[in-house]
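Pasting the structures here.
Here come two complexes built around subunit A, the first alongside subunit B, the second alongside subunit C.
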Partner chain A sequence: MKIASRVKKYLIGYIFALPFIILFILFVIYPLGYTFSLSFFRKMIGTSPIFVGFDNFIYLLSYPSFNYAFLNSIVLAGIGVNLKMFLALIMAVLLNVEFRGRRIIRALLLLPWAIPMVPSLVTWRWMLDADYGFFNNSFALMGLPRIPFLGIYESAISMAVVYHIWRILPFYTLLLLAGLQSIPREIYESADVDGANWWQKFWRVTFPLIKPLYLIATLLSTIWTLGDFTTIWVLTRGAPADTTNVFATFAYKFAFQVANFGAAYATFVFLLPVIVILIIVLLRRIGD
Partner chain B sequence: MSLKRKYLITLYFVLAFILLFEIFPIYWLGLTSVRPIEELLDPQPWPKNPTARAYVTVVTLDYFQIEHFHRQLLNSIIIALATAGFSMFVSSLGGYSLARIRFPGNTIVSKAVLFTYIMPPSLLAIAFFDIMNIYGLVNTYPSVIIAMTVFTTPFGLWIMKQAIRSIPIEVEESALIDGANRVTIFFRIIIPLTAPVLVALATYSFIQAWNEYLYVLVLMSDARMFTAPVAIASLLQVDEIPWALVSAMSIVFSIPPVIFFYALQKYMVAGLTRGAVKA
Partner chain C sequence: MSKEPIKLDRRKFVYAGLGAVAIAAIGIAAYFATRPPEKIVETVVQTQVQTQVQTVEKPVEIVKTEVVEKTIPAKVGELDLWWYISWLPEEKIATLEAVRAYEAETGNKVNLTFYPAVDVNPKVYAAIEAKKVPDLIPNHYWWLGPQLAYAGQLEDLSDVVDEFKNDLIPGVINGITWYDSKKKATGIYAVPLTLDCVLTHFWKDFYANSGLETPPEDWDGYFSSIKKAHQITIKDGVYGFGWPVGDTSPSDVGSIFEQIVRSHGGDMITPDLKLNVDDPKTKKAVISALKFYTGLYKEGFIPEGATTWDDGGNNNAFHTRKVIQVANNTLSIPAYWYSENKTYYYEKMFTRAWPFGPEGDKRLEANIRGVLLLKDAPHKEAAKEFLRVFMKKFYKQWIIGNEGRFVPTLKSVVEDPFFQKGRVTTARPIDPNLPIQPIALATRPVVPANSVVHPAYAQVVGPENIWPKTMMRIITEGLSIETAAEQALNRFKTVFQEYK
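Coming up: the complex of A and B.
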């Protein structure tokens, strides 16, 4: 009887979780496995796959400008994410002080995060326009030379970093701010009693307490930045000369412009292990 | 006193600069949408003769490349509403299961939820297309709705789990003693008590599906099946980009998600931080 009721309870647990489990297996695990296994096949739309071993990977590594996917991922995730998190920490510390207008500033800050990506990429592309954009028009007024922001590799990838920071800085600011606000006031009060100055309080009290959250946020941002497709595709489409492409945009290009699905899957296989490792590290840190 | 004053001045200065950086591009989008053509190239940041012409074009569709824009907005609505509905269904059931029933493997399901939440959707997009293509679902609503349900459910499930855990267990226990079964409890007690969170997760899913670019781009090839963001972005590919029109379309498209976003902002951060801050 006892066992029967326990089995019944388990069964109810599974049945309630079943819709999610089905979605997870059919549309997360299966596509992941599909991506991995099909990376060893030649595959086009409507044809059955032919096993080609490592041909797709060799094709990619000899593809002109494919190495930029690695470089750009390092620039966007390595440099961009750390810059973003550093700025977010400064912002969070600044906003953690009570002052007039704080609520309004917080509300306004949310706007870049609230607005969908495509509209905000529209406005950035227009402001960065080589001939008529706001920046170049302003430069011209000041007698400075025009810069084709999205026409030169170095500046185009930098603008992608700037856009990433612009868009998601508010999110990480609020995340870190929530962390800062969960630090009990008594800790600061006892630091005050010990005569600690502002800087000491930050380094000895605030930062050690916020560090776990800061690391989690950095990991999260790294993963999402590595997987971002929309920024590059709408801002530059990989131009100039395919140099600003990342793994996701290369994969799209191989699948839908070159009609080589095998190469598209292989592109993701370069990125997948990194993402999966980062997710596992992150899940360990988050716990339950 | 003076140090505090100095600190406050620096604070206001830094904040003002970052706020300008964050807000100006959106202001510029709005500005571009109301500027007459002759003024588009002016660098001065206010309109001299604001015009609603671009918005009139959005309403009348009197421009050769945007003939399907109303249909595309409707597609956005259909896909976003359906995603919100399915996401509510999957999240509330799954949330209840994880919050209240300890069954073998529930931690694995928990991890799977977080994994799906963190996983960048772009990594699955090509395989998703291939699989949907095999089943003949490319260029249909269900393909995008399924994709968006998969990617919005983890967040919804997570906040539902938190919300259900915060309901006192005694409420359910007394109902169990009265002979109610789990299904009755779920519909009669859990759903009414978590209604605000259900609304929040439905809104979240709506916004995500409404904003989605990549999966629509990949799964829809017919312009009449595009959603608005794909339509807007495709206008950026032409030689002479109609900036005022694209900006007006962007503003019209952005209004619903921005309003919804502000309505549920406390959940947007809280859902994530509640788990993370503890760590």
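Coming up: the complex of A and C.
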């Protein structure tokens, strides 16, 4: 009787949620489950999958340069995202100050984000080119040696980080700026009455109020960056010596160049626990 | 304040009318400027033929009319053909022309789709996985064929190839005979269309700094002469060699490296397709090749940016006159200059075959590219009929239309003066570029590239791009040549185990 009344109570809710549940199963649970299950199978081009246990994971861990996928993810998502968010906060605070031409600067700031990703990456590739690029031609004019930026691991991955910041920074700056503008003026006025200086106002008023947004934005950006394929693929193709690959480019290479789909699925599964943890933290933050 | 209604006086009406007429005229002009591509192609082809007939600059041989057999090909319905977009627009035109001619002759429809060359292999893999495949696909990046055959994804084409088997250049058959792991048997899985090997192109004026007119054929003489010229030209920023070094794409750099290993007497696989990397001679050849290639870069004979070049990088370096010499798989560089500037083609540049090895090894490694029929193709019979008719009636016209970028696989076609003498005219009796490749392949010992004959080798050299990666580890990570060679050879062993 109790159960029946409970079902009755929630039935209407389940019925309303049903379309979403069906779509979620179809487009999220099924592909995720399929990917996860196939990571335990040897799946070569056009063949039926054969169960191989953890062989794909062992294959990946013994694959030359696969360890760089971990390192590069840490560099891009760890250093790149946090540096970008920190810079975005500074930019947002600066743009929140009243000054002449602020609107024009805000509009100009959006340009890198407004340019489609592939053309901007191609432009960057050309600018960094060792033989014909803007930077190296300038170096040559100054009598300095040419640097193959994309031919050395350290500079290539650094350029990927710089590109990431250059492109995505405006978006997060605007996001944080919107957050800053939603802080009521009265709080600042009472801080003024209490004699707070600029830093105290930022640290005691602005940052605590913007912190939830900052954290959510950082988590979202981390998740997106971990899955980013385009930046590395267009900028370096994983070169030099496969060292700038990330999980997404490795997965593409395994699937569509080596035609080893099992290894490609396993590559994504490596990333899955990290993404899931980040999503859980994100959801909790949003809940808070 | 309410807005005043717009008053349309006579003058404004006339201006508006004129504006409308102008817009309509621009629209009509735009329509005619962007007519369907078929018509544009027809125009191009007609112009080309007229030029050939009227101008003495064009070789007389091309204009010769072929005697076409009068047998009427079977009407077998439509088929789907995927092809690649080349560096040269002429290649696309030649393919379109051949397909249109086939359609006109047989009444069969060919659904032709062009893809960028680098996208073809991924698209084929995706199509196979999606179980929605075309009929015919190019084996342009030649490691695709042996791998698909091994995976049991190709249809045997022995019956098609049998019809012209006796006309095939010796050795070509080895590059299309592959193992099918599902059938556990070998078969002929491609119609071979082109041959190519590593060639070298020179800017005549830059090379003249060596004090020679043409490079010697022996290894030391050949390379030391370029290095000598480099010492002078580098002052103007012109490097000795335009060789790609990095692992952005596999085609040219892999072929050049493999050719160097051969020239040093290395045989990575035996004639019965066993991995031969433990053979001391082969190991030594790999180490020597790594030392030689990376040495050129480290010593500054190759531009710094070569570590980031893709397949077009060496072409660009030559076209922009940044290098004295360039190594390349096909004749795409001279073909570009032939269409761009004939003076450059005939007078300012020249092509030479790859030099003999340090111990005099004359072997050349040939890539064999062709067309494959997928096992699950929806129109197999139509595809086979297309291949039969194409090889019999349109092949010669097609490969000549490729501007001599590749060497034909048929003896009867390669004997054509277009390939033997090149584009000679009364004003320009010597072609310094085009005949070099066909003559080299006809006069020197030729071996099919290992990646054309073995699927495991194809994987390591093609998609895994082992050689430039190994070179980059030496150059950027400071790995010793011996260690790098050992790691590379171990990778071959690992992958060969997977293909057992």
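The definition used in the following text is that the second predicted complex is superposed on the first by the 263 of 288 C-alpha atoms of A that agree within 3 Å, B and C clash if a C-alpha of one lies under 4 Å from a C-alpha of the other, contacts with A are read in each partner's own complex, and residues count from 1 in each chain.
The criterion applied here is as follows: a residue touches a chain if its C-beta (ideal position, glycine included) is under 8 Å from a C-beta of that chain, and two chains touch if they have at least 3 such contacts.
Remember, predicted model here, so these are calculated numbers, not experimental data.
Between subunit B and subunit C, B touches the greater number of residues of subunit A.
Touch criterion not met for A:Ser190: it reaches neither subunit B nor subunit C. Using the contact criterion defined above for the overlaid structures, shared-chain residue A:Phe261 touches subunit B and also reaches subunit C.
Of the two partner chains placed by the overlay, only subunit C lies in contact with A:Arg146; subunit B stays clear of it. When both complexes are overlaid on chain A, the residue A:Asn82 reaches neither subunit B nor subunit C.
Using the contact criterion defined above for the overlaid structures, shared-chain residue A:Asn67 touches neither subunit B nor subunit C, since it reaches no partner. Contacts of A:Met44 after superposition: subunit C is touched, whereas subunit B is not reached.
By the touch criterion defined above, A:Trp166 reaches subunit B but does not reach subunit C.
Shared-chain residue A:Gln200: touches no atom of subunit B or subunit C. Taken together, the two complexes place residues 45, 132, 140, 237, 255-256, 261 of subunit A in contact with subunit B and also with subunit C. Subunit A meets subunit C in the complex at residues 44-47, 64-65, 129-132, 136, 140, 145-148, 150-153, 236-242, 253, 255-259, 261. Touching subunit A in their complex are the following residues of subunit B: 7-8, 11-12, 14-15, 18-19, 21-23, 25-26, 28-29, 32, 40-43, 89-91, 93-94, 96-98, 101-104, 106-107, 109-116, 118-131, 133, 146-147, 149-150, 153, 157, 182, 186, 210-211, 213-214, 217-218, 229-230, 232-233, 236-237, 241, 243, 246-247, 250-251, 253-254, 257-258, 261-262, 265, 269-270, 272-273, 275-279.
Residues 9-10, 12-14, 16-21, 23-24, 27-28, 30-32, 34-35, 38, 43, 45, 87, 90-91, 94-95, 97, 99, 105, 107-127, 132, 134, 137-138, 140-141, 166, 169-171, 174-175, 178-179, 182, 198, 212-213, 216-217, 220, 223-224, 226-230, 233-234, 237, 248, 251-252, 255-256, 261, 264-265, 268, 271-272, 275, 279, 282-283, 285-288 of subunit A are the ones that touch subunit B when the two sit in their complex. Residues of subunit C that touch subunit A in their complex: 121-122, 125-126, 128-129, 147-148, 151-153, 237, 246-249, 303-305, 307-308, 310, 316-317, 320, 322, 375, 459, 462-464, 468-470, 472-473, 476-477, 487, 491.
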